[in-house]
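Shared between the two complexes below is chain A, which has chain B as its partner in the first and chain C in the second.
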Partner chain A sequence: MKPLLRVRGLTKRYGARTACEDVSFEVRPGEVLGIVGESGSGKSTVLRCVHLDTVPDKGSVLLDGEELTGVDPVRRRWLRSFRMGIVHQDAATGLDLNVSAGGNIAERLLAADWRHVGRIRARGTDLLGRVEVAVDRLDDRAAEFSGGMRQRLQLARAMANEPPLLLLDEPTSSLDVHVQAAILDLVKELLAQTGVAMVVVSHNLGVIRLLAHRTLVMHRGRVVESGITEQVLEDPQDAYTQLLVASSLGV
Partner chain B sequence: MTLLSTLVARADQRAGYSYAFLDEHTKRELRRRTLKAVAIPGHQVAFGSREMPLARGWGTGGVQLTLSLVGPGDAVKVIDQGDDASMNAVNVRALVSRTTGVRTTRDTAEATLIQTRHRIPDDRLRPGAIVVLQVPFPEPLRLVEPSDAVTRRMHAERDYAKMWLYLYENIARYGRIALSYRYPCMVDGTVLMDPTPIPRHDVAKLHQSQHLHLFGAGREQRVYAVPPYTDVTPLDFEDHPFEVEQAGAACVRCGSDTSYRTEIPGHGWLCSDTAYCDTRSPA
Partner chain C sequence: MLTVTALRKTFTLHLLGGRELPALVDVSLTVGPGELVAVLGPSGSGKSTLLKCLARTYLPTGGSAMYGAVDLVTAPDHVIVALRATEIAVVSQFLHAVPRTPADLVVAEPLLRNGVDRGAARAAARHVMDRLQLPPALHDGYPATFSGGERQRVNLARALVNRPRLVLLDEPTSALDPATRTAAVGLIRERVATGAAAVGVFHDLRTVEELATRALLVDRGRVVAEGTATEIVSLSTKKAVAR
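Up next is the complex of A and B:
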C-alpha cells in the first residue's frame, strides 16, 4: 500500500539547539505510528512540522504525495481542515472553551462551507455519539467538560471532516489512569471503524504499546530505533531504548 | 475661473479656513484612500484621520469623507438615526455649510451627498448621490477576535469560520441570530464587512444598490466602500435565512408600511426617517 504520510530527513533547529535531526518515517492508511522519547527528545517538534505549526529547516513532509513544507497559509488551513486532525495534550489549545461542544465541532464544518444549522447539529450529535459523550451536552460550553470529556471532544472535532490522518500529541498524559484507559479504548475503536492513519506522540510506553503498530524511539532529536512496536519494546537494541523500557513502570 | 481659484476665493471669505475646513493635502490623501477603498470593495483602507472640531465618536470619519468630497455644486444632507434635526446632524451640517457655503437640504431626492449615522434614507435617492456612513467600529471580526494582526490575517486568508461560529452559537443559544445591528456581510463574495449600526432593514438596501456607499471611521482611521451594483450578502444559514426587522404596525403619522419604523411608547410606530415621513404626511 502506498504510504499516506512520508517524512524524509526532517531537521529543525532553534538557534544553536537542534530539536530534531534527519528524522524519516512513513505511515500507511489505517496504520498507527508511535513516537516515543523523553521530554525534549524532539518528538513534539516532528508532530509540529507535520501539522504545519512550524517549518522545518531541512527535509520534506509528503501527505498523499503533496509536499507540505512551504505551502501558503490558505492551503495550510485547508490541509488542516480536511487532510488532518489533531488532539493536543492541553485541551485549551485545541478547543475554544468558551464555545459550546457543538460549536467546537461546528467550527470545522463551517470552515468547510457547511451552511445548514440543522445538518451541522446532526453531524455534531453523531460525532459526540461516536466519542461516547452524552448527546444532550451538545450545547454545553466546553469549559464545563471534565478533562477526559475534553479529550473526547477534541477527537470529535478532529474527525469532523473525516481527515485521513489524525495526530495525537500526548492525548492522555493529563488524565488519571482509568480515564486514560477509556480514551485509549475509544481511539482503538475509532481506528477499527474508520481506518484513519494516526501518529501518536507519547512519553508513556503503555500508550504506545496499546495503540501503535510501529514505533520510533527518539533521543536528543534523532531516531535511535524503529520497528514493530512489540519488537522495539520487548527486545530493544539501542542502549537508550533499553534504558527507557527498563525505567518505565510495569504495564 | 479655475476650480482651484474658485476654492481659494471661497476659502478667503471663510475667515482663514481652507475650503471645506481640511487643507488641500489632507483632502487629496483622503480621496486617494477612498479610490483605493472603491477599488477593493469592503476592504478597510487606513488613512491619517485628522483632529476635527467635533469629538471622536461623533462622526469624525464621516465628516472627513464628506469634506473631502463636497464641491460647490453639491447639495448636502446630514441625518442622525434618520433625523435631520438631531443635534449631531445639525452641527455637522453647520460645519459643512459654513466652511464651504454649499447648499444643504433635508430632501433626500435633492441631495447629492448624504452623510448619515445608523440609517440609510427610506426615500429614493437622487441618481449619482453618494452616501457617507459614520462608522464606530470598522472591523467586523472584532466581535470574535481582539487582535488587529490576527483579523488582518483572517481577512487576507478569507478565514471567516470564527464569525460563522459566532452566528452558529447564537442560534444554538437563542434559536435565532440575535444581531440587530452591525450585521456582518460579505461584499462582492470576498471581504467581510461591518455595515455600521444600521438596522438589518438598511443592510438589505446595500445589495446591488445603484449608489456609492462610503464608510468612514475617524477614531479607528479606516475608510471602506461599497461601489454601485456590488453584491452585499448578509451571513446566514440555509435554514436560518437573513431577515429584516418587522415593525408592529404601519407608521401612525404617514401610514407607510415599508419604511423602517420604531415604536414610541404610548404613540405607536413611527418612521425613523423623518424627512421621508414629512414628505408623506399632510403638514
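Up next is the complex of A and C:
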C-alpha cells in the first residue's frame, strides 16, 4: 500500500539549538507509527512540523503526494480541517475550554463550511457517541469536563471531518491510569472502525506497545532506531534504546 | 513454505560495554504446509530466539528466512507488520493483555482487522474459545484478570482464529492442565492438518510426540540433529542424562 504520509530529511533549529535533524519516515493508511523519546528529544517538534504549526528549516512533508511545507494560509487551514486532526497532551491547547463541547466540535464543522445548525448538532451528537461521551453533555462547557472526557472531546473534534491522518501528542500522559486505559481502548476501537492512519508521540513505552505497529526512537533530535514495535521493545539495537527500555517499568 | 538458511543472531549489550552474546550461530530448517517442526534443546540453546527471529520480534544478525518470496530477515517493517496481521501467527508464552478489552474481542481482533464484521468475528472467537475449553463466563471477562492457563488459551485462540498459514509456537501449552492441554493440541493439530506450517518449542516431550511431524535438536545456537519426533525426543533425553 502507498504511504499516506511521507516525511523526508526533516530538520528544525531554534537559534543554535537543533530540535530535530534529518528525520524521515512513512505512514500507510490504517497504520499507527509511534515516536518515543524523552522530553527534548524532538518528537513533538516532528509532530508540529507535520501539523503545520511550525515550518521546518529543511526537509519535506508529503501527505498523499502533496507537499505541505510552505503552503499558503488558506490551504493550511483546509489541510488542518480535512486532512489531519490532532489531540494534544494539554486539552487547553486543543480545545476552547470556555465553549461547550458541541461548540468545540462545531468549530471544526464550520471550518468545513457546515452551515445548518440542526445538522451540526446531529453530527456533534454522533461524534460524542463515538467517543463514548453522554450526549446530554453536548451543551456543557469543556471546562466542566474531567481530564479523560476532555481527551475524548479532543478526539471527537479531531475526527469531525473524518481526516485520513490523526496526530496524537502524549494523548494520555496527563491522565490517571484507569482513564488512560479507557482512552487507549477508544483509540484502538476508532482505529479498527475507521482505518485512519496515526502518528502517536509518547514517552510512555506502554502506550506505544499498545497502539503502535512500528516505532521510531528519537534521541537528541535524531532517529536512533526504528522497527516493528515489538522488536524495538524486545530487541533494541541502539545503545540509547537499550537504556530506555531497561529503565522502563513493565513493558 | 518456510526455508531458513544459516540464521544467525548475536545480541550486542551496549549497557555492558558492547558485550556480544551469540544466541544463534547457524540454524537452517525447512517447513512445508501440513508440517509442524518441533525445536528441542536445553534451556539457553536458542530455541526461543529462533522463533523470535522468525517473527522479527528479534532482529536477526544474518542468514535468511524465505517465506514464499519474502525474506523475513530483511523485509521492510511494514511488510512484516502486514504478514503478522494476516498470515503469520505468533503464540508467545505470555499474553500482553490489553487493559479493558474483553477476551472475545482480544481473540476476534485479527478478524476485525481483516474486515470481518463484528458479529461474525465475535462468534468465531467464542467458537475457538469453546474449543479450548475457556468457559463462556470468561468470554467477556478481562484477560488481565485471568489465570496463567486462561491467558495462554486466550493467546492461542487469538493466534489461530483466522487460520494463519505459518504458526510460530513458543511453549503454547506450558501453563495448561492435562484436559485443556489435550484440547489445545487438538486445535493446533487441526490447523496444521488443514495446511498451515508450524515451528514450535514445547516444554514437555509428550506434546512434541503428539504434534511434531519432524524435530530438530539445537545446542548452543546450532542444529545438531534432525529426525522424527521420536528420534529427537530420545536423543534429547540421552543428551540431558549425559549432562
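One rule holds for everything that comes next: the second predicted complex is superposed on the first by the 250 of 251 C-alpha atoms of A that agree within 3 Å, B and C clash if a C-alpha of one lies under 4 Å from a C-alpha of the other, contacts with A are read in each partner's own complex, and residues count from 1 in each chain.
Here is the rule we use: a residue touches a chain if its C-beta (ideal position, glycine included) is under 8 Å from a C-beta of that chain, and two chains touch if they have at least 3 such contacts.
What you see is a predicted model; the values in this text were computed from it and never measured.
Residue contacts after overlaying the shared chain place A:213 against chain C, while chain B stays out of touching range. In the superposition on chain A, A:242 makes contact with chain C only, while chain B stays out of contact range. Judged by the touch definition given at the top, the superposed model places A:106 against chain B, while chain C stays out of reach. Considering which of chain B and chain C touches more of chain A, the answer is C.
Contacts of A:58 after superposition on the shared chain: neither chain B nor chain C is touched.
In the superposition on chain A, A:139 makes contact with chain B only, while chain C stays out of contact range.
Applying the stated contact rule after C-alpha superposition, one finds that A:120 touches chain B and leaves chain C untouched. Contact residues of chain A toward chain B in the complex are 73-74, 77, 99-100, 102-103, 106-108, 110-111, 115-118, 120-121, 138-139. Against chain A, in their complex, chain B makes its touches with residues 153, 156-159, 161-162, 164-165, 168-169, 171-173, 237-240. Put simply, chain A touches chain C in their complex at residues 26, 28, 31, 181-182, 184-185, 188, 192, 209-210, 213-214, 226-228, 230-231, 234-235, 237-239, 242-243, 246. By the touch rule above, chain C contacts chain A in their complex via residues 11-15, 52, 55-59, 77-78, 80-81, 84, 96, 98-101, 109, 112-113.
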